[in-house]
Every structure is written in structure tokens, then in C-alpha cells.
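In what follows, structures are represented as C-alpha cells.
Each of the two complexes below includes subunit A, the first together with subunit B, the second together with subunit C.
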Partner chain A sequence: MAQGTKLGFYLLLTPLVLWLGLLIIIPHIDMALLSLRERVGVGEYATSLANYRGFFGEPIYMWTFLRTAMMSMLATVVTLIIAFPVSYYIAKIAKGRVQSVLFLLCLVPFWVSELVRTFGWMILLRETGLFSSLLQWTGLADGPVEMLYNDVAMMVGLVYTSMLFMVVPLVTMLESLDDAVIEAGYDLGGSGASVLREIVIPHAMPGIVSGSIVVFMLSLGNYLTPTMLGGKDSLWFTELIYSQFIVRFNWELGAAFGFMLLILSSLIVWVTLRLTGQTLEKTMGS
Partner chain B sequence: MTHNWMIGAAVAVSLGGLAGGVSADTLRLLTWGGYAPDDVIEMFEEETGHTVEVTLSNNEEMIAKLRATGGGGFDLAQPSQDRIAGPQAEFGIYKPIDLSRIDASQFIESMLTATKLNTTVGDEVYGVPHVWGTSGLVLDTAKAGMVTDYTDLCGDEVAGKVSYRLKRPTLIGFAFAMGMDPFAAYGDPVAYENIMNQVETALIDCKPNVKTYWGGGDELMGLVRSGEVVAAMAWDTGGWKLNADNPDVTFVAPESGALGWIDTFVLPAKGKADDAAYDWINFVMRPEVSAKITEASGNFTASLGADEFASDALKARFQNSFPPEAIDNIKWYPPVPAGLEAIEGGVLDRIKAAN
Partner chain C sequence: MIPSIPRPRAVRLIYNAYVALFFFYLALPLAVVAVFAFNDSQFPSLPWEGFTWNWFFGDERPMIGVFHDRSILRSIGTSALVGVCVAGLSVAVGTANAFLFNRYQFRGRSVLYVLMLLPLVIPGIVLGISILVFSSTVANGLWDRVGYDAEILRPGLVLVVLGQFSFVTTITTLVISARLQKFDRTLEEAALNLGADRLTAIRTITLPYLAPALIGAGVVAFLMSFENFNTTLMLVGSDAPLTITMFDRLKEGSTPLLNAVSLLLMVGSSLLALVMIAFQRR
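Up next is the complex of A and B:
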């Protein structure tokens, strides 16, 4: 019997080990080795830290990373601010059919690919697009207005793309909050604001943290939205990695960039968790 | 069902017998949009029995794909002639072409000779020419008639209505327009870097003029069609396609010279269907087949006599864009030495990051 349980355990473990090993660990080891290589001549390579020195030596790369990280954080905060009331409404106020319909509505945009969604925004925002024509038609603008190719357009795209990943954990968390607790809060003389501050937000905290981590990582690793909506000023860190690998044939520097992205983004998440007094166990274990 | 299958198998066996041992292969072709139109593939499959699988790509992605697999996964690829010697010396992703298996009489001789010369590494030839074209200016002549060279894209008259790619042809084009010769400096990294730094300054100054840096051909088409962009740096075919919709828009060869490229045929190092690859090369270089490719892609080929089959509309557009002296002034890309991309890469990153 014990023998059988053991076999079952290993059989169940195999897919996980294969997944982690073949798709994550081995490629990362390969990337790490690649990032420690320096091209010294045609087809000749030496081991060195030159690629990492390149990352820190050229201010543009660091600035691009910082810009990407700041914009991703902003996107996370904006997503949270928009998603929280939406989730609260879905979880606590809407009932029955309305609840499922509203939840479905959050999901519907994800039935088409990210490319199509982003292109939709381009059609709306471009100079000859819907919003621009509407503004001219109503007389609010006297010429075509270009709303595409700037940071705001990029932010709109990022928030829109990551909305669902904030709403789902928040709705799950808020649904598990007993209505009686909220009522008790009011009974004890709490105002709307204090009930929100003392009861709802603390209870939803694990959902907020896990949603924020997912949205932050998705924004940081997004390639399509910044490139398409951001236009000429959009330099995003993933774009740098892509161009090193594909356009410049410089896999070594690209691999080093990839590792810097992994390390720095993990660091940001860790520091933020620390600063807000959360732990990964508390968030994921709930 | 079973019967059909058996008849099919019987026919296949007897055909195989008739063909006398010539095996039918699957040709995995890595190429550009328009270079392998469906009707050409159909004719080829019918004639030779091979099947063709097409993957569409561009220069950088072709090389990146082949590099990732050490030259495997495809049997025939079509990078530009200037991007063959460098990657071959660096990564060894191609195999030499057996010129005896190619019908040289179907090629325009000067183009074949030039391509062979540019794609030679050691004593081996790695590429033969297929499709050629140029990049230059696509202009709405009614609104941007004053633009005659790349540097004019930075003029006040077209401010905010300009688009170009943030890629190496733009750097090279601007260098020529600014009176320098980047091709002459290919062999001298210091001189080349010096030229690129001047181009960098010019392109950063020019940035406020640019609406956006276009990425794909369709994106540019959209920008010009909607009138949001009136002057762009682009391929000749893009201009001619737009000309069909709007007679004001066309391709103009810049004063400093259009940049000429030739896309080639190369055999990836681990290709498995060389027979099919040589069959395909000899098949598509036939004048009447080449004309079909010209029709689909909009570009002319290195096939001798194919222009006689080309449509009059396309010929007229070509002659309009290229008076004889503009043809003589085309700057053909010499092979890119390995390592230049790193210099250009830094420049392009700095331009993109500049405010």
C-alpha cells in the first residue's frame, strides 16, 4: 500500500518536474551561461561580465528599466483603483444573474487576442479615429486630435489589458467576506469610510497583493501594448531585450538584460511586500 | 474511404515508379510575404510532386530562427544578400550552394555575379539572387512635394506628418543624405561609429517631426492611406501599392540615391530537402513564374526576361519612380561585416530613448 502511494506521488510529481526542469530551469541555466559570454572575435567567445558591465555602464539601459518599472507600478495602482469598486460591486452589491453577467463582461475582452484588443484602441485613439472625429463633430476640437503614441495611450492599454487579473482575485476575496461582519461594523457606529478601512480592505489584502503582483509583472513583461500604443517614445525594457536578440544578433547582451529584468523585478516585488508588511505565504496561502 | 485511400496509394506507387526514383520531399521555405504566391506553389507541387510549407518572416528573424537551431528547421531561406557572409562567418548557419545544380542562364548575369561575390565566404558561394528592390521615400506629392531627400523629412513643412523605421536602412539613408558614405566605412569600425554618431544627432533633432516609427508594412500603409503621414521612408513596393489607391502618393528615389537590396536563396546548414530546394530555385526563376511573383510582391526579380511578362501598370510606376539616372544612383548594400550591428544598435537605442 505504502509502495503504491509512493508511486502515485512520483507519477503526479513528474509533470511538474518536467515542466519546471525543461521549460524553466534548463533554459535559465542556458541563458545565464549565455549572459556570461563575451564576443571577442568572429565566432570566438570568452567568459566575462562584460554584458552586465554594459547594462550598468550605459545609462540608457538603466533609465529604460526604471521607466518601465515606474510605469508598471503606476499601471498597477490605476488598475487597483478602477478594479476595486468594480469588484466590490460584483461581489457584494450585485446578486444572482446580474452578478454573473457583470463578471462575464469583465471576461469578454479576453476572448480575443491581445493584438486585436490593442488594435481596437488604436482605431479609437488615432488622429483619424473615432474619438478624434467625435470631438470634431461635437465642436469640442477644431482640428484632428492625435491621442495615440504617448504615455497616456500606453497606460490606457496596459490598464485595460490587466484589468481581469486584478478583478478575479479581488472578487474571490470580497465574496468570502461575510456580510454580517460589515453590518456589525455599521452597528458599532462605523462610517462607510471606516468600515472600508478597518474591515473590507484588511480582509481583501491578500487579493490586492496577489492581483498587484500579477498586474505588475504582466505590465513589466508586456511587449505588444507599449510598442503599438506608445509609438516613438515608448522604449520599454522588453523591447530592448527583443531587439538585442532578434535585430542585433547580440544574444549575450539580451540574455544579460533578461536576467537583470528577472532579478530587479523580483527585488521590487520583495521590497514592496516588505514595505506593506505582507508576506508571500500569507498572500498565496489564503 | 478505404478504397479511395488504396487507389491513392496505388497511384502514388506507380507514379513513384514512373518518376524513376526521384523522391518527393517537403520543402520548408522561410521567405517574405509575396515571394511564394499560392498559384506558384500549386504549379510547383503539380509539376514536381514536392510539397511546400511556407513560413513568412523578415531578415533579422530569419537569421535569428536559423541561429537558434544551428541552421535547422528549414530547407530554403531568403535573407538579403548583405546579411549572408557576416552571419555565416559568425554562426555557420548556411551550407554552400552547388552552382552546377542551378540553371545560370535563367538569371540576369550581372546580378548573379554580384550576389555570388557578396555571399562568398572562403571559397564557397552561399547565395543566389531572387527578388530585388529599393527603399527610398514614399510621398504624398500634393502635400510633401518639397521633400527630395531623407534629410528633408526633418523640415518644418512636414512636421508631425513623417514616419520612418528605426532600423539600419534609416541610419544608412540619412548618412548618405548628409553627404557621408557609410558603405566605404564598413571596414573601419572607428570611422563607421563616427558617421553613426553624426546620424544619431540628426535623428534625435528630427524626432519631434516624426509621428511614429513604423514597424510593419501594413502599419505604414494605414498611416499614409489615412493621410496622417505624408512623407515616409519606405520600400518602393509600398509606394506603388499606395499609388494604385491614390495617384498623389508614390515612391520617389531620393537625391542621394535609393538603397538597393537583393533577397537571395540560401540553403540552411541542416536543411533536409536540398533536391526540392534546387528544384524550387530553378522553377521560380523561369520568366513566366517570376512574373507571377513580381505581380504578387510588387518587386522585380533577377530572372532574365521576366519583365516582359510584368503588367504595364507596374512598369509605368517603376519608370516614373526611376528615371535612368536614378537607377545608376542606386546604392547597393555591400555585405555587413559582423559586429557593425552592435554599433548601430546602441545608436538606435539612444534615438528611441531620447526626448
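Up next is the complex of A and C:
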């Protein structure tokens, strides 16, 4: 490298290093250290695993943790199942103007805040809401029906909120699949199902993986939807983190919770990438 | 299942119906929010009490419209300020990152690239608390050592901006990199041959070429910042951005005022998105 470009290199490197160092890496190390700290007296601290023992020792924490993980996976699978046919339609069946309009329509709900989307579902599902009124009007129900504050409502909200992040990578991948390859599959005697299984899905795999990872992450880290749509029993792990930090001011335990969430999400992302033979650069970088 | 392969009529009908149903599902909550902004009632629910503009322009109780509600207006201003800061910072750093990864081969490049992607797979709330923890460690350290109270490191707008910047920058880097990769380097070399120095070449050739991506990344960053909830929730101080204010209102019980704000948000972000698309086309 010449002298001039070397200077340029360091000038370009500095913001990247400052950003990643000061806002991502060091804060996470600090959070990990805090989670290993135990308050033994006023202003006195010792290093111990007490916070993690507290986490594993308390069934409600463990239960919430596992439940959040399972529900997020379920939300991911449901989103994938709903989004795949629609993405296929946009990518392969719709043509020209219709195609771009449909694609844009998919993006519209995500230009507005998640809060607005959740609010919309509340108006629809609550006791005095639209669905309840509709049911009474048609005579299917005698009195007001409460459809809010349960797991199904929460699931509807989670799936709705992350739909875009599944549709976009799927459409992108499916569009790059040549029609001729599908035709060849049929010409070689494949049925609809076998063409789907052996040609379409393998080709769309990077899209499926990156969509699933993002949807899973968004569900796992969601706070708004479980709080607003979920019931008393559908406690979400992020709500525990929030209450330790803001309500109880027990930052040590909250940091341990945060770290557990981080480990869980990294682990699941890593396993998914491994199982499907993808890399983070390939799935996220494109 | 592509148009060139014939399918039974029933299958096609069911498929079309499914797609139509999907778009109905997408549109329903937003449509409902928009419609009830005009309901002449204290609650955004049926029965329909008639059409009114009061939730936008009303100036007396019980119907104070958006444009007369001080706290909502103030938090819109706060959100806009935060959004502009986040957009400016993240586009600047994103551009530097894009040039770094595009123009230089160096040891540790691939590690840095993966680290750069990492904020995408860290839950927003964890990003928020880690920055909260670190900034108060620094602030407490300053207080203990030199007796200086670093107000800006306490929860507040500066931390909100930093928290949002920390993950939005990954997005802007990816958007700007994608366009920079398609750039024909020989154009820059031509400028150098014609006697321009490096910076002039970049300023007059490369940056104008990148402009659509820079504007696109800026709009996306602004919208992401404006909408962000999770990270902001952990870092917010006394000046609440709009999403936080609306969340607090929503917990207390909703009036069509929130519908009116939401409708304005929808219109605003659609306009921004249209501007962005117009720029990409040029």
C-alpha cells in the first residue's frame, strides 16, 4: 500500500472500530462482567455465578425462557408456511406490473411502526372490538367475546409483525430460479410435489434460512407484541429483562437474563446455519 | 407450478383466493386503525358514531386533536431529531465501512465483516441493556475518579441515538456496499488519468454514483429509528420519542387520538418511501 492509501485505510478503519468496539463488543463484555457480580453488602461486590444460579433455580424464569424460545420457533415456522406460497406467487406467477405492485403491498405495513400494527390488532380482537361485534351481529355469539390477551392473539401479532422479513428474502431467491429449470423438472416426469421438494425448495434454501433467522430473532427479542396482545400467562422473556432493569433495578440479574437471551439466540442461529450449510455472510450479507 | 405448466382450474382458484386472503390479512389492521381515526367517539371501536376531523384538529376537551396535543407534538419532534441524527451518523459510518470493505484487502477483513453483521442477530433489547450498562459503568467511573457527572451518559436522547445507530449502521453499510460493488472502477481511474487527485475523483465520480444508495440508506435509517421501540425503551430518559409516548398512552387506554397519530405516521412513511423509490429510479 502506498503512503496515501495507508492513511486512507486507517481513516476508514477508525469509525468501524469505534462503532463495533464502543457500542457492540465492550458493552457486551461489560454486561457479561456485570452478570457475574453479586452484591454482598452495601457497595460491596464479589464475583460469583449467583445470578445464573438464581436463573436456573427459579422455575418461573426457566419456564419463561423455554416458552419464549418454543413460541418464537413456532412463530417462525408459521410465518414460513404462510409466506412461502405468497412469495412463490409474487416471484413466479404474477408478471410485470402486478408483480411489482404485490411486492410493494407486502412492504407497506412495515413502513409504519410496530406499535401501530399491534394497535390495529387490539382494535380488531378486543372485547369491544370489530371481530367481537361481527360475531354478535351475525348471531354466532350472544355476548361480547374477548379474543385478546391469549397466546393465539400474541401469535397472530408476532407472525404479522415479522412477515416482511420472510417474504422479501423468499421472493428474491425464488425470482432467481429459472422457469426452464422447473419446466425441465416436469418434463422429466416430476409431479408438482416432487418438483417443489427437489428443485424449488433447495433453490430457495438461502432465502428460507435468512428469513427464518431474522423472524426468529425478531420474535425472540419482541417486547411490544407479547406485552400488548399476550395475556397474564404469556409472559415473554424480554418482559423479565425489562422488569429486572427498570422496575426492580436489579441490573445484575437483568444482565444475566440478557446474556442468556443472547446465548440462546446465537446458539439457535449457529445451529440453523450449520444444519443448512449456510454462512452468516451469505445469508445476511446479500 | 408456473404459468407455462397447465394446472386444474380449481387449484388456480384456490391459490388466487389464498393470496387475496393474505393481502386482506396484511391490510386489515392498518385499515382499521385508519378508519377509526375519524370516529366521533371516545373509543376506537364500534359503534360508529359518525365522521369527525376532531381527532386531528379538535382543540377542546374531551376531543383534543393531534395538532393541539403538546406532548404528542413534542415527541414527534424528538423522534424526528433522533431520526435525523441516526440517519446522518449511520450513513456517514456506513459509507466509510462500504469503502473499507470494497477497496482494501487486509488481515482480519473477514472477521471484521462478520462482526459488522453481528448487530443484526443481537436482540434489540439486549443491545439496549448492554449500552445502558456500559455507559453507566463509564459514568460511575468518571464520578468516582474525577468527580465529574457525565450527564450525557445517563439514559436520554444521546444514548437513544447511539443505541439505534449501533444496529442501523449495519443496514446502511449493506445498502451502500451493494451499490459500490457495481461501480465500474475504470471511471475513477479515468478521472485520475485526467489529472484529478484521489479525493476529487471520489467526490466528483464515485459519490454522485452512490447518491441513490446514500439517500435510500438515509431514508431507511430514519424510518428504522422513528419506528424503533425495543432499544429505545431501555435507553430513554425524560424526553420520550413518539413510539414510547404512544406506548404509554396505549397502556392507559386508547382514544381515537392514537389512531389519528398512527394515520399520520402511515401517510408520512409512505411519502418518504415514495420519495426514496423516485430517487432509486433516476
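Keep this in mind: the second predicted complex is superposed on the first by the 255 of 286 C-alpha atoms of A that agree within 3 Å, B and C clash if a C-alpha of one lies under 4 Å from a C-alpha of the other, contacts with A are read in each partner's own complex, and residues count from 1 in each chain.
Heads up, the rule we're going with is that a contact is a pair of C-beta atoms (placed from the backbone, for glycine too) under 8 Å apart; a residue touches a chain by one contact, two chains touch by 3 or more.
Here the structure is a predicted model, which is why all the values come from computation and not from measurement.
With the two structures aligned on subunit A, subunit B clashes with subunit C.
Applying the stated contact rule after C-alpha superposition, one finds that A:92 touches subunit C and leaves subunit B untouched. When the two structures are aligned on the shared chain, A:277 is found in touch with neither subunit B nor subunit C.
In the superposition on chain A, A:245 makes contact with both subunit B and subunit C.
With both structures placed on the common chain, the touch criterion links A:182 to subunit C but leaves subunit B unconnected. Of the two partner chains placed around the shared chain by superposition, subunit B and subunit C are both touched by A:128.
By the document's definition of touching, neither partner reaches A:139: not subunit B, not subunit C. Contacts of A:258 after superposition on the shared chain: subunit C is touched, whereas subunit B is not. Look at A:58: by the touch rule set out above, it reaches subunit B but stays clear of subunit C. For subunit A, the partner that touches more of its residues is C, with subunit B and subunit C as the two candidates. Once the two complexes are overlaid on the shared chain, A:26 sits against subunit C while remaining clear of subunit B. Once the two complexes are overlaid on chain A, the subunit A residues touched by subunit B in the first and by subunit C in the second are 126, 128, 245-246, 251.
Touching subunit B in their complex are the following residues of subunit A: 39, 42-43, 58, 60-61, 63-64, 126-128, 146, 148-149, 227, 231-233, 235, 240, 243-251. On subunit C, the positions that touch subunit A within their shared complex are 1-5, 15, 18-19, 22-23, 25-30, 32-33, 36, 43-46, 92-93, 96-97, 99-100, 103-104, 106, 110, 112-127, 129-135, 137, 162-163, 165-166, 169, 174, 198, 223, 226-227, 229-230, 233-234, 242-243, 246-247, 250, 254, 258-259, 262, 265-266, 269-270, 272-273. The part of subunit B that touches subunit A in the complex is made up of residues 60-61, 63-64, 67, 87, 89-92, 160, 167, 207, 210-213, 215, 226-228, 338-339, 341-342, 344-346, 348-350, 352-353, 355.
Across the interface of their complex, subunit C is touched by residues 4, 8-9, 11-13, 15-16, 19-20, 23-28, 30-31, 34, 82, 85-86, 88-89, 92-93, 95, 102, 105-109, 111-117, 119-124, 126, 128-130, 133, 160, 163, 179, 182-183, 186, 192, 195-196, 213-214, 217, 220-224, 228, 238, 241-242, 245-246, 251, 254-255, 258, 261-262, 265-266, 269, 280-281, 284-285 of subunit A.
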